[in-house]
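Paired with chain B in one complex and with chain C in the other, chain A is shared by the two complexes that follow.
Presenting the complex of A and B:
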């Protein structure tokens, strides 16, 4: 059931108890976890933090902790499956789920006792009504058994007429039941067909903090990072992003007004969050402008930087703005002040001429101390790179803790190392995209496009991780759409496979919806993968919280793909 | 004595806070902490003030002396005089550090205050060094220093005592056949 008063029904319930926090591995979940941890620290609530990367981990964590904990808080996992059936908990375990995955499983919505959803009900959910899906079948059985006992006895004339009437009624009832069940299957199919994402979990917890009047600038910044993560990884539509930015902007102005005025200026060490209408160049303030333009998806695809022509256009672009190459290639902080001052406006003007209408995007930046200035997207890239770093010694939970640490203000070296890793990741993505496009690795299979990363590709280890692979997938699709001339291919979705584990012989497969300006980001590959796996009995593992990401045995790849083609055409 | 011990002693000083919760009177071994009502100022020791601030349960009111003009006057006075002038609080250095690290958003013009307090500290330490230096070189028998705080005494204690011990040893070794010629090695 949905929680209406988050303070009374959630926070005050757990405030005096020990809580287990099960957190999924994405940046939005990390930010939500940080906010909740800060609230728990204020009120000295005992909690245990368990990072869970897949459904199996969730299961194991639950089994380990179910003796000691009654209350479980799940962040960004658990809403889109029937949790009670999966975990088989005791009757007194209570689950609070704050998850952006939609559609929310109907059992989770209509369970009144054990599952509490920390999700806003006006969040565009479209849950089918109770009567359409659940129905009491007791009346049916009583009538049927009554009729059967009638038939067993000796039929007389009068009873025969009575029986015929009863039989007709029974046939009528069975037909109605079959119709109802068919309609129910249809409704459920429509409801569960497309997977998409709702409001950021970090924003939900920030609202909780606001209701408790314990919101600080740190928590506001984490909420902003959570929202930006949804935008960077293309999980929400542009409209929703803009609406949510407006909500955050209200909070930001409230915090800024509270503290600063002309006479009593704040210490330089205090955190200042400001609204920025900044460039869509990833990490440009921590890199050189040239590198940032070459490695950001938007600019690289618009210029088609994998072609010679594209490189020439880039040089023209820079010349058009009057930026000398020497300046543009050095670190951003060392560029001349005269160039930095009007940089955004100059770039916007020039990019309009080259067909890039949305080079600027609304976002937030933070500023504390004398030299620490970060944009929200910088933090997202850094934390994501740390979370999925492929250093050999680190396990998944170590990476999780490192990424979590990088979000606090006191761990700036961690954040800077994350930024360096993010730069490498972005460069790897760009090179892979360039090589895929140039060697025509993207094949059109009919209803979708398909690309397979060979094992020897440089940096292929980076793409064994789901978030990095999804990012690569999106960039590749954008680049393909810009580079192909085939009009039909531009509207196709893309499925990408990359080797995951060489010894076990598995690949990780990701499917993303087609690229379009007004796409609603609804992904149907979750169900499609399931059906294809069933029909070919391929050995698949649907273990990720995003249903559109699966693992597959390399040998089963071709028959799985064939099944998908037949399914989707 | 370790500087952290001095800081620990400094945390007993009393500071005013404005809580946002309510609590009845609390009876502790060190004293009573009077009832907390949201929005009404109450005096508490610094250790409690910092803990409440970190849990976002209060707002710290800077002490009276933590004001830019007053500190500027004190700094000028300190620079003019040869001896030590009275200090705003016996733990001014520690309180400044603690309050500005944890509650700088409640203290107006925090950066300037930090600079001013550091200036006052530097001047006093310079005077202390000069005085210790002259004490040792002129082999004085006794000295009287007013208005020193525990932190300042602590910075010079080890050095002054060790150097006086060394001087004593050197002096006693100079006198021939002295009975006090025990030379202990550290």
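Presenting the complex of A and C:
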């Protein structure tokens, strides 16, 4: 069931109890977790935090902790499956789920006792009504469900005399039941067909903090990072992003110190969050402007920087703005002040000429101390790079802890190392995109586009991780749409496969919806993958919280793809 | 040279200056004691000879040997005393049960001394608060909060807190637990205090 008063029905319930937090591995979940942890520290609620990267981890963590904990809070996992069936908990375990994955499983919505959803109900959910899906079948007892041949047993023997009416009624009931079941299947199919994302979990918990009037600037910043993560990884529509930014802007202006002038100026070490209408160049303040333009998806695809023509256009663009190459290739902080002053406006003007109308995006930046200035998207990239880092042989939970640490203000070296990793990741993505487009690795399979990363590709280890592969997928699709002339291909979704584990012979497969200006980001590949796997009995592992990401055995790849093609044609 | 072996013992302790306890150097001790015995015997014969025959030229060598004896005695006393101080610090560091590798480094008398020290510290702590007792080995620095956030660095299995609840300490899980329960484990290196 949905929790209406988050303070009364969630926070005050757990305030005197011990809670287990099970957190999924994405930046929004990390931020939500930080906010909740800060609230718990404030009120001295004892908790245990366990990172869970996939459904199996969730299962194991639940089994290990179910003796000791009664209350479980799941962040960004658990809403889109029948949780009670999966975990088989005891009757007194209560789950609070704050998850952005939609659609929410109907059993979770209609369970009144054990599952509490910390999700806003006006969040565009479209849950089918109770009567359409569940039905109290008292008249089931009259007929044997499913076994009609047995009907002629003892009761009917005696009543055969007045059976005419009864038989007719029974037939009528069965027909109605079949009709109802068919309609139910249809409704559920429509409801569960597309996977998409709702409001950020970090924003939900920030709202809780606000209602408790325990919100701080740190929590606000984490909420902003959570929202920006949804935008960077293309999980929400642009409209929703803008709406949510407006909500956050209200909180930011509320937190900003009023009357900040010469006499009452705030110490330089205080944290200041400000609204920025800043450039869509990833990490540009921590890199050189040139590198950032080359490695940001938006600019790279608009210029088509994998072609020679594209490179020339970039040079023209820089010349048009009057920025000398020497300056532009320097670290951003060392650029001339005269250039940095009006940089955003200058770039916006020039990019309008080159067809990039949305080079600027509304976002927030933070500023504390003399040197530390970060945009929300910088933090997202850094934390995501740390979360999926393949540098050392760290386990998933080690990386989770590192990424969680990098979000605190006191761990700046961790954050900077994250930024360096993010730069490498972005460069790897751009090079892979360039090579895929230039060598025509993207094939049209009919109802979708398909690309397979061979084992020897540089940086292919980076792309064995789901978030990195999804990011690569999206950039690749954008680049493909910009580079192809085939009008039909521009509207196709993309499926990408990359080797995951060479010894075990598995690949990771990701599917993303087609690229369009007004895309509603709804992904149907979750169900499609399931059906295709079933029909070909391929050995797949649907273990990620996002249903559109699966693992597959390399040998089953071709039959799986064929099944998908037939399914989607 | 006389006194060299005694200084060797001192140097051994000096090398491990951060309070670690090296193994009890029985051999070294025995050698020094043997040297002292030899010196003493030689001195005895010389003194008897000097007294009996009035040979005054033996007196400087008697004096020299006496000085060496005193020097050895002083070094040995310093060695044993310093070890005792370190063992005492171990009680405050590790608690009343010492890890086996540390116990291995102590000789039987030192273990006995440790047991006695433990007993007298315990009875001292018990005498506070009108018979209730106060554990003064906890909270060596004034604590800032009742609960602290700790991160588990290795799998440690289940851990019971005062009110009976059990926490499963698995690697990379974070917990928010009462400070006094965590201090032991933090010292052992199983948990790590997370400063936010």
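By our rule, the second predicted complex is superposed on the first by the 542 of 569 C-alpha atoms of A that agree within 3 Å, B and C clash if a C-alpha of one lies under 4 Å from a C-alpha of the other, contacts with A are read in each partner's own complex, and residues count from 1 in each chain.
Everything below uses one rule, namely that contacts are C-beta pairs under 8 Å (C-beta built on N, C-alpha and C of every residue); 3 or more make two chains touch, one makes a residue touch a chain.
Everything numeric here is computed off the predicted structure, so don't read it as measured data.
After alignment on the shared chain A, the placement of chain B and chain C results in a side-by-side fit free of clashes. Of the two partner chains placed around the shared chain by superposition, chain C is the only one that A:67 touches, whereas chain B remains out of contact. When the two structures are aligned on the shared chain, A:51 is found in touch with chain C, with no touch to chain B.
In the superposition on chain A, A:410 contacts chain C only, with no contact to chain B.
Touch counts on chain A: comparing chain C and chain B, the chain ahead is C. After overlaying the two complexes on the shared chain, residue contacts for A:41 are found with chain B and with chain C alike.
Of the two partner chains placed around the shared chain by superposition, chain C is the only one that A:401 touches, whereas chain B remains out of contact. Seen from the C-alpha centre of chain A, the directions to the centres of chain B and chain C diverge by 40°, a value given as a multiple of 10 for the model superposed on chain A.
Between chain B and chain C, the smallest C-alpha to C-alpha distance in the superposed model amounts to 6 Å. Counting contacts as defined above, chain A residues 41, 44 meet chain B in one complex and chain C in the other. Against chain A, the residues of chain C that register as touching in their complex are 146-147, 149, 151, 165-168, 170-178, 195-196. Residues of chain A touching chain C in their complex: 18, 37-38, 40-41, 44-51, 64-65, 67-68, 395, 397-398, 400-401, 408, 410.
For chain A in complex with chain B, the residues that touch the partner chain are 41-44, 213-214, 216, 259, 263-270.
Here chain B touches chain A in the complex through residues 20, 55-57, 100, 104-105, 107-111, going by the rule given at the top.
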